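Note that the chains are named A, B, C and D in the order they appear, and that numbering of residues resets to 1 at the start of each chain.
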Amino acid sequence: MTGNTFGALFRLTSFGESHGPGVGGVVDGCPAGLELCEADIQKELDLRRPGSAKLAGTARKESDAVRLFSGVYAGQTTGTPIAFVIANEDQRSADYTTLARLFRPGHADFSYQAKYGLRDPRGGGRASARETASRVAGGAIAQRLLASEGISVHACTLEIGGIACDCDTIATAGSRPYFAGDERVVPAWEERIKNVRGLGDTLGGIVQIEAHGVPAGLGEPVFGKLDALLAAALMSVGAVKGVEQGAGFKAARMLGSEHNDALLPGGRFASNNAGGVLGGISSGQNIILRAAVKPIPSIAREQNTVDIEGNPTTITVGGRHDICAIPRIVPVLKAMVALVLADTVLQQRRMEKM
Amino acid sequence: MTGNTFGALFRLTSFGESHGPGVGGVVDGCPAGLELCEADIQKELDLRRPGSAKLAGTARKESDAVRLFSGVYAGQTTGTPIAFVIANEDQRSADYTTLARLFRPGHADFSYQAKYGLRDPRGGGRASARETASRVAGGAIAQRLLASEGISVHACTLEIGGIACDCDTIATAGSRPYFAGDERVVPAWEERIKNVRGLGDTLGGIVQIEAHGVPAGLGEPVFGKLDALLAAALMSVGAVKGVEQGAGFKAARMLGSEHNDALLPGGRFASNNAGGVLGGISSGQNIILRAAVKPIPSIAREQNTVDIEGNPTTITVGGRHDICAIPRIVPVLKAMVALVLADTVLQQRRMEKM
Amino acid sequence: MTGNTFGALFRLTSFGESHGPGVGGVVDGCPAGLELCEADIQKELDLRRPGSAKLAGTARKESDAVRLFSGVYAGQTTGTPIAFVIANEDQRSADYTTLARLFRPGHADFSYQAKYGLRDPRGGGRASARETASRVAGGAIAQRLLASEGISVHACTLEIGGIACDCDTIATAGSRPYFAGDERVVPAWEERIKNVRGLGDTLGGIVQIEAHGVPAGLGEPVFGKLDALLAAALMSVGAVKGVEQGAGFKAARMLGSEHNDALLPGGRFASNNAGGVLGGISSGQNIILRAAVKPIPSIAREQNTVDIEGNPTTITVGGRHDICAIPRIVPVLKAMVALVLADTVLQQRRMEKM
Amino acid sequence: MTGNTFGALFRLTSFGESHGPGVGGVVDGCPAGLELCEADIQKELDLRRPGSAKLAGTARKESDAVRLFSGVYAGQTTGTPIAFVIANEDQRSADYTTLARLFRPGHADFSYQAKYGLRDPRGGGRASARETASRVAGGAIAQRLLASEGISVHACTLEIGGIACDCDTIATAGSRPYFAGDERVVPAWEERIKNVRGLGDTLGGIVQIEAHGVPAGLGEPVFGKLDALLAAALMSVGAVKGVEQGAGFKAARMLGSEHNDALLPGGRFASNNAGGVLGGISSGQNIILRAAVKPIPSIAREQNTVDIEGNPTTITVGGRHDICAIPRIVPVLKAMVALVLADTVLQQRRMEKM
């Protein structure tokens, strides 16, 4: 509710700004006895680095090395808060000084100023996408817990700049460029990105996230529905403007007889239009979500805006920016789904006798 | 977190089942001194009744008369919990007895059984859409608070069964059949509904919700973003399978230069692709959301399913059911947006000196 | 946080005022499959009625009949919210009209007026001890859950008006007058109460609460210590002004070698100065707490006060009031301890594999 | 609820162990625009160091230098999470290795082992009093907020080892040895401490905490009473075994006519037996609390205990330990009261129009 804590029983508190000493987080509520080391977290953080898709990426150089600060002893979680820190290395505040008096279109500059009456102008401060490193680290810990329950989370890119692909093999998308749903689409995406970079413009896209091995029964009724928690989780990531589950917006155009997933013996279903959730409670099918990612708001083209006194002016955002939030947002969305599932797994345990 | 409470500072706790004595709720955190009477709530509950769209509606007859139980004295809220009850009148449990041993496709029967090990089979029990009456009542109280801040919430139907319309005048949609965005689409919708009813099938649609008069600065950073809270609010309503804000899924195909809303003097913007939220904080523009509503799962056609022992069988859902959740879901979605905004209004006050 | 909800996973939301239709509550988070009927709750509510100690008691006549509204089907909890209502029967608002413009010393009149800017003056409104009926009902449900875990909660009166007794057999105190720790003290208490009633004055006392069968491991570290939760639970009851655990205030005068409880084989201890909690986590010993209860503030003697304009005046509180909150507060304190323990039992389950 | 976060709107999340890299915390919800620097926090941390009472203190040497990690820009809070870290410098894990297989009486060793199935044995791990440094740092930030509202928090020692004093001038106690209520008692305390140190034993005591300048109206009704929150806050500090407000346990022996505080014109009262709270809401009088502190459990004398297999044995706790938790606990208790008040100040703002 204070905005920087996520989850009820498995709970991530995030802190840090783009241009301070670093970003970090505290995971509270992780059960004791889980094997955890820095490499488990680093592996996920490395997926968020621009390496896998250099064309789309930023010039900012960050090793994003995570340091565990508490909550782990002799290679195991102790049940106490797991704090971690990821240092900022390559911030160049000077890049941003000329922008301190202007509101960048599509950024949080204007709304933060309205909310707080002041703001840290260096690289967007707290509103920078840099905070997503804390999400990825927290999500890596969540994925350790989920793995011990046989649950895995996967994500792939379905669309960049209006060029779509399918995804039959999401579990292996992590090793493909752009985490592409189908590797054959990559040349077309790269062509599109190159063109748009030349225009000084940016692109959006669509990401699919799935969770496999989820038992039936996770989630709470009414307000705590699993799909509601997942929608909030994904929508809380800066660039996401839409979320859908299973058939999603297509469901609005289907007949009931088309949309209903017939039940089969053995807890199976004939289809998965529901995306793994019935009445807000997991059904045992794969959880399937898609998120719409808007184009990066920092563009090299001149835009109309106002300064902090409200005078009209123009702005051209320099600095080092991505052309497309994808693929860097993919591990972030995966992390958010993992955080929700870890929380609901612990929630569901309370229903069972010790 | 226990699922039946929504909000942090303006908080609705919902209770009740489809076939018990009734449904109800407790609103805690409403400031003292707000004028409130049962008629304020009844007005919103009446919008949820099938009157405005008889063709789409159910045969179940409920007056949905609300009774205030506490928290109001001499026509004003006292700052203490506002409890209310809406009696069930027309439940006919006998309709459901034959279904107690079967899992209805598209319903929560299977997932509730998996979660709890037992379930109230009468009309879906807690998973019935009847619980949305509590949301509408709570939302009506929220709208009283918002009105005192100059904020209003509106909703209209944009699409039923794949037939879409535009909406230029959402503030008056409440008086149109099906809360249609544009009244001229209604004959086409009625034709479609009549046909689908004849097939024993059901329809979905798309609803737009807007909030006007929202000041800049509402919402919290990172996990408590206003759009995240709104997405969870809408997705927590049973039939909703997708949510988008502003340009939504279309944003994924736009260039940055198209999507960014240029700032103008006076806190205005040249466009509203963001849907009223920047970096998760309200920008002072209208909040714009759309929700995808799946077709009603209770269809009169025979479907494949299993019984509670897992044996394959077929089911034909009788009872009294809607053809389309729209328009009854429209005031529910409006209520959910109002609940979120009331909460964030109170949250934001904490930033201001007393 | 909004004040009328208690607990995190086993959670009671309370509502109602002294002179409205009644008081009630919603228990959310109770696991499914627990046998529960109205008689289980009524039994505890009956302990709160003045029957067991007529001399100390009020003239207000309330049957305190509880009605279950939701969450129970076929005699079992369903995992959904359990709402209950206890109607007010014998409120006489006329008794209070002359007091509406005065602040009663020792009551919440002044502070509620300062907080809310208005108040329901009828019998103290929400600040009336009548709200404790909701606690007792919620606590009765908690005790059903605890019983299924082998945990029982007991309470007895140790002191009234400065006359103390010991308690060797707390498990049977429920059947003794005044829930006395030792029945032999009762004549002295009755003599004291009779004298003080003659003076138009009132008395306080001390109550001991114990929980037996509590497994080691309940409670959370640091801020969520079991003793912290228990202290808040007891202190949240209107008349309680002090709380101690185990040796309590006496611990401040003991040497470490006297206070430490030596560990014995089999998870036993040589003494229980800790009152069943080590480092905020239950040790498997009996939980032992004591609460100091102030004298009832409504006295028949004239007192100095001010009116709502701040003018000095005097007040003599008529109405029907107890001489001593004990014994009616005893089942309330027991209920609060049960609510805390039910919550921590569910919390602890999250640590265990499903 | 996960135990390491305190507060609802002004919220401290604490992390760290006795023998890891350090301890730290995240304050979320602090309003923007508050002047804050490391020296503001360091000042309070320095009060927690053994300097003021060398006789009672530990041989462990820690500079307790705090480093602000986020949430402050150009000397002002930005409204985003304020993270801080306090490095551990002088941990000597070797001191504790022989104790890893034994349960120290009066410590959390046994209960943590029962809860988590494993534990960090180095210096008590998370259960070490070292975590209170995070409380003091968080409380220092809370006190900055309170100062801007005209509220100050004070504390003094009333009793050590059974030797009591009065306190007329609590606002200046911070500069006296042992934070003594009255400096004249100090020689007697030092004599007592010297004797008890010679015996290899330890002492407890009583601390009084007051808050001045608190406006009427803070706190919530029923479960969120200000005294309930304060009791939990104090009882959550490791060594505290009892808490009382105003007349406290003495109230149990007073008549109603003695205990009631008569109201006077101008929002004043003739006495303050209530300790500043009526019906759980602040009355505008000084908040007055007392906490009973048990003797330090680490004693140099041989004690009976069991090892982790349950075999009986004896233990003599070496290491570097205090004779008396007072005076080091005094700034911790002050911090906890400040954290509660900061939270209720923000809570109360929600009742006011923006």
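Note that contacts are C-beta pairs under 8 Å (C-beta built on N, C-alpha and C of every residue); 3 or more make two chains touch, one makes a residue touch a chain.
Remember, predicted model here, so these are calculated numbers, not experimental data.
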Is the number of contacting C-beta pairs greater for B-C or for C-D?
C-D
Report the chain whose mean Cα position is at the greatest distance from that of chain A.
C
Using the average of all C-alpha atoms in each chain as its centre, how far is it in Å between chain C and chain D?
26
Need the CA-centroid distance for the pair chain A / chain C, whole Å please.
46
CA centroids of chain B and chain C: separation to the nearest Å works out as 38
Chain A residues counted as touching two or more neighbouring chains
1-5, 8-9, 14, 29, 32, 79-80, 115-116, 126, 215, 221, 347-348, 351
Draw the chains as points, connect those that touch, then say whether the picture is a line, ring, star, complete or other.
complete
Where on chain D is chain B touching in the complex?
8-9, 29, 31-32, 79-80, 149, 215, 221, 345-354
Report the residues of chain D in contact with chain C in the complex, numbered from low to high.
1-6, 8-9, 14, 103, 105-112, 114-116, 126-127, 131, 159, 161-162, 196, 199, 201-206, 215-225, 227-236, 238, 241-267, 270, 274-275, 277-284, 292-299, 301, 303-306, 310-312, 347-348, 351
Per the touch rule above, chain A residues touching chain D in the complex are 1-5, 8-9, 11, 13-17, 20-24, 26, 28-29, 32-33, 69-71, 73, 76, 78-83, 85, 115-120, 122, 125-126
